[in-house]
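Report on one structure; see the data block that follows.
Note that the chains take the letters A, B, C and D in the order they are written out, and that residue 1 is the start of every chain.
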Amino acid sequence: MSSTGEKTEIGRRDFLGVSAIVAGAIAMLSVVAGALRLTKSNVYYEQSQKFKIGRPENFPAGTKVKLDEKKVFIFSENSGLYAISSICTHLGCIVSQTDSGFLCPCHGSRYDGIGNVVGGPAPRALPWLEISLHEDGNLVVDASKEVKSGTMFLI
Amino acid sequence: MQSRFYASLLLISALILLAFVSYAGLRELNPEWKTYQKEYKRLFFNNAVTPDMKKKAAEYTVGIRQIYIKDLNRVDRCDNCHVGVENPLMAKEKVPYRQHSGTYLKDHPVTKFGCTICHLGQGNATNKKEAHAEGHDTYWDYPILPLKHIQSSCTQCHNMDFLSKHGADVIIEGEKLFNEKGCKGCHKLSGNGGVLGKALDGVGSQPIHYFPMRYVEGERTQPSWLKQHFEDPRKVVPESVMKVKLTPEEADKLTTYILSIRTYDPPKIYRRINEEPIVAKDGHALYNMYCVACHEDGKLSAFDENLKGTIPAIENPAFLMNADDRFIEMVVKEGRKGTPMTSWQLSSAGLTDEEIKKIVSYVALQRGHESSKPVSVNLKTGDKDAGKEIFNVRCALCHGEKGQGGLGLNLANQIIKKADDQYLFKTIRDGRATTPMPPFGSTGLGLTDQQIVNVISYIKAF
Amino acid sequence: MIVNKKPSLQCISYILIMVFSLLIFSIAAAEEGALKAPQDDGKNAVSVDVKKDVQDAGNNEAQLTLGKKLFGERCVVCHGASGNGKGPAGVIKVMEKSGRVLEIHPRDLTSGTFKFRTVSTGCLPLDEDLLRTITDGILKSFMPDAKVLKLDERKALVAYVKTFSPRFTAEEPCKQIAAKMPKWVGSKDSIVKGEALYKKMKCPDCHGNDGSGNGPKSNDIVDDWGNKILPFNFRTGNLKRGSTPDNVYLTFTTGLDGSGMPSYEDSLKDEERWNLVSFTLKLMNKAEYLK
Amino acid sequence: MSESLKSGIEQFKDNIFGLKDSLTKSYLRAGKPTSDMSRAALMVNNFFLHIQGAKTHINTLRPAYTLGMGLIAFYLFIITCVSGALVMIFYNPSIEHAYSTVKDINYVVFAGRLMRNVHKWSGEGMIVFVLLHMARVLYTNSYKRGREFNWLIGIVLLVLTFVLNLTGYMLPWDQLSYWALVIVSNIIQSPKELTDILGLTKFVDIGGIQKEFFLAGTVPGAATLNRVYFLHIMLLPIIITTFIGVHFWRIRKDGGLTVPDNFNSSCNVDCGNLVVLPKKTGGIFTTNKTYGLMTMSKGVTPAVDRDVENTVLSWPNLAIAEAAVFVLCLAAVIVYSIFVDAPLKEAANALIPENPAKAPWYFLGLQEMVSYSAFMGSIVIPMLSVLGLALIPYLDRDQSDVGIWFSGSAGKKVAIKTLIVGSVCLIGMLAFVVNFGWFRNWWPSIAQIWIILINPANLWLLFVCAWSIWIIKSTGSTRMGAIALFTMFLVSYLILTYVGTELRGPNWEFFWSKAQWPIH
């Protein structure tokens, strides 16, 4: 059905048509890209990750405190203070404290007293969190900053 | 193999679409706050001296952020432009890069308080115009609070006692003005006060539309309205009968105080208010708080064009000479129906009997030592009809034909009915010095005692 | 159906439409006419019957007796039995809306000096001037109207009031000044001219730049009797003698004798005075007279 | 065994390499659209395209004929749906958060403000284009020959478009939303005006029941917002989508778009630009193909009784036209949205209404009539208007002259005459009302029944009816009556909307321009 004569006759039209369709497709893609970008939230309605936990003298050596709302354990030893996140590294449940360490109720991950994995599906140890001293004398835990396991905060 | 017309249409439309989508995308990627943050980063880096600080500056990431305070149910995005509020290195830079002045942020960390709890404005917004909410076209009820009124925000959590010790002079003086200019004489606040004006509870957090802005000059905001209203009440509300006129400085201070009367209470963990000790106020203070707006010093008897009546001079010795404390107390307690004088007892204006007694004894201080000689008045002999005839010719000019008042006081109310006959008789006979009420007795305008009794029996029947 | 079958019906319908349209336009036009200057009925009505009746009021004894009785009942309280303005009521104080306290001294009737006249400054008021004041009272001053009195009684009062001052027997009455308002009063052009005159004639010294009566000299003015008086605050909008353009014009022309307000009959041309009226009306915010 | 295994692997390999072809084939069924046959098949076999014919009449593709109005209205609907879904991701329908989430869309969502504008403006655009589409259909006499019912569906779509817009601006919970809810709920309640007069309210309070059902309370609140949200994002979209489907399906069943009886088959130069003309021989309907597909539908069907010469293949002629219009439409909406922001007022305040509390422009014609009588202006007159419009195809049964603008010069004259008379009389009447007020201003104590019965809106409605009947009488043609009636409707809508939008200020008082409004 298509002869060479017909091809040359409509060649220009085809160029116009193809470029139109291509341009249309690119334009639509840009719109879709913008729309997809739109769906990503720019801001989160979450409390600040940094929080004050009190003054150092509130944590005499030997203290073990679980701050439920902040999802963190605070330990105080003679050598210093440290904070361990209570969020299980497996799928985010909250671990509970046992005699030997921590236990996650959801899928049975087990950690030892300083957060190292000793059983279950957890891929890595419970993170230690940064502790610093605020100007006003309060201790500040920053849950967004992980420190190396074993890093003590010296008073 | 397409039609030329539609293919060209498609091509042109696609190019237009692409162009404008790109334009919109670029616009989205370069919002107003980004330029501020970039400049901040540069300044931060320049100002940093230690390598540690330099590193921190270099690590600063440009991007939108927000302070979300769940307890206050607030989202503030002010720090997208006011980037350096917590950075001591920015103390000398220009706004918006500058560090917050004073040491407020030390006790009020931004992460706990945010900005708009004190400064107002639209915390959600991410551009200057809408964040400051200046101008009606931003459609936000609470434009940013001018710094001169900023102390009005302190009372949300602190009481006056605390503020007076920490240099919040403006609001302290504002409160003093509020108490001394007799604002509560017409405006109720927390259940205490008169009824002529609007109640003031929560007035500081009323939206802009609550205030008629038609005659306000300059910025159409709550502070401007309040200030101009205090400088000249009838400028912003032509039909206002408010009597107080303040100097611009006083008006500013009072505005600050009024703006502090808000309905919105921060949650308890934020508040530092201890129960304020209730200081018993003396008669003078109470007089200033409730009476002074209308009666001023109590010595001037003038016809008031706003209230459309004469405000009696209650400290006029000529009045006190004839009126005993019991009578004055009755007037204060019951008010005078048909006049702006409202009832001040606990159930209507929130004043205790004790407070009223204090006010009365303060007013009575002006009473001279000599009291007038008692006279015997027998109302049973009064002839109402004869009294009416005299009243209509002699009294109605000032007191109105039905006793409704005018230049003279309103006589058609329960106080006159309950008033002591001697008091009325002496007032009519002797007149009241320093007021237009002339002595009608035989030594003055020639009414006989019997005629006066007739008049009294007539006015008691109104 | 064919269109031309009933030509008359189509014709009638067209006419109906046109009539309807015309009706609407004519109603709109009539509305415009109705908006023209409102009638100033009260004042005119009084002056008409005044002219007729005052002339045949003789100074007979009976009238004076009646006048004295009425004066004793109604006027003595303020004006005093001897008419010297020092009655038992004394000075009346009025607090204006702006907070200014006006002190109103009752007129001293013995001097023969009256503010509200329709004759040149220095002249005695005409009988009709006095009658108008007694009948209508004076706004804002607590001089009450006496509309409850019959015309004869009011005329008797006029006659009695005239006995207080010897001037009424000694001097001849002056010629009445009539106010004929030109059409352009209230126009923008006239207001501009008036404003220039207002400044030129030093009006702001007393009345203030915005007409609120707070000019630099406003606190130092005393009247002929040495009482402190305050210049008029145009912002209140209410002239004591009535706020029509004619009254404003008369005030400029005759002056207010006894007070600090001079007559501009000689210092300003008639046209200039009317320009000043335009500006004053603007200060008083009398929208109905402005164009 | 091993050979067959090997050939199996080979086949598998071939299948993997042949994936592209086989996927295309399975998707297109008849292969790539390289021949007329496969192009026709593409249209017929595709779910989204099959609602259109394999061939399209040239007349349908003439922009000067359809103006693309219906298509644009539909595309705006699509854009509204998509942008609405995107906005919905961030919106929270609770009275505590609705307002602040809308603010968030404006301030912190990437292109959120733009998307909200697109949603708003395409929604409002729908109203414009639905009305214009209606006008096109009416003036080209395209509601006849089996299309009467589709006109009715069109009317339903018009009403749904209005209601969707209405429920849309109630969602942000700003001042506009809140007071719109208050006003609308009282409009719903306004039959009470009538039942009060008839003394029926104590037995059955229709208005009150309706209001309570809508608000789920006596004042707008959390429950109301949920109801409106449900209406806006679920019930109404489902209904309107269904009706749009039916509307399209009926177009096809009713024989496609109208074509003038004497359509000029010898296409001029313009035609060549618009479409690719088929060759004289070789088209699928001119050879040995049957009309099997077409005979599945009864009644007047496309192409069968038409000259094949005047049709062209839908793919690609129609397809590219539709694509072009879509992209144009999207571009226009986005450009408009970049430069014009959708309004967002102050947070809802139940104590202080806006002054003036104006609805969006498309309801201000109604609001003008509501200012005479709530019951008549907002319920009876709109209902009668919709009824009158709906009945047009049934009252005008004249089947001649379809597909011709204004049915020729006579119709054009009637339309112009109506336009002039309608404008003059309506403006005159409004001028009268603005200058002199109405019964309540003249006799303040007059019974409400008189105002319900005799108010400017009613008189205008009577005038419109009288005028249309007079046109029918004077021209002897019901078609002319239809033109007159619809022109009157358009004139009324336009003028009332203009007056309501531009000339009404605070307290619904008359102002020549917004610059004269007293500042609140």
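Some points to look at:
Note that a residue touches a chain if its C-beta (ideal position, glycine included) is under 8 Å from a C-beta of that chain, and two chains touch if they have at least 3 such contacts.
On a predicted model such as this, the values are computed, not experimentally measured, just so you know.
Summarising the inter-chain contacts, the pair of chains with the most C-beta pairs in contact is B-D.
Nearest to the overall CA centre, using the mean of each chain's CA atoms, is chain B. Subunit A and subunit D have Cα centroids separated by 48 Å.
Centre-to-centre separation of subunit C and subunit D, using mean CA positions: 65 Å. Distance from the subunit B centre to the subunit D centre is 52 Å, each centre being the mean of its Cα atoms.
If you average the Cα atoms of subunit B and of subunit C, the two centres end up 40 Å apart.
Residue positions 1-2, 4, 7, 10, 13-14, 17, 21, 24-25, 64, 66, 75, 77 of subunit B each touch two or more of the other chains. In subunit D, the residues that touch at least two other chains are 104, 108, 110-111, 276, 316, 320, 323-324, 327, 330-331, 334. In subunit A, the residues that reach two or more other chains under the touch definition are 10, 13, 17, 20-21, 24, 27-28, 31, 34, 42-43. Of all the residues in subunit B, the ones that touch subunit A in their complex are 1-2, 4, 7-8, 10-11, 13-15, 17-18, 21-22, 24-25, 64-68, 70, 75, 77, 106, 111.
Interface residues of subunit C, counted against subunit B in their complex, comprise 73-74, 76-78, 87-99, 101, 140, 142, 144.
Across the interface of their complex, subunit B is touched by residues 10, 13-14, 16-17, 19-21, 23-24, 26-28, 30-31, 34, 42-48, 50, 135-136 of subunit A. Across the complex, subunit B meets subunit D through its residues 1-7, 9-10, 13-14, 16-17, 20-21, 23-25, 27-28, 64, 66, 75, 77, 122, 124-127, 130, 139-141, 207-210, 212-214, 220. Listed in rising order, the residues of subunit D touching subunit B in the complex are 61, 63, 100, 103-104, 107-108, 110-111, 114, 174, 273-276, 316-317, 320-321, 323-325, 327-328, 330-331, 334-335, 338, 343-347, 349, 351-352, 354, 518-520.
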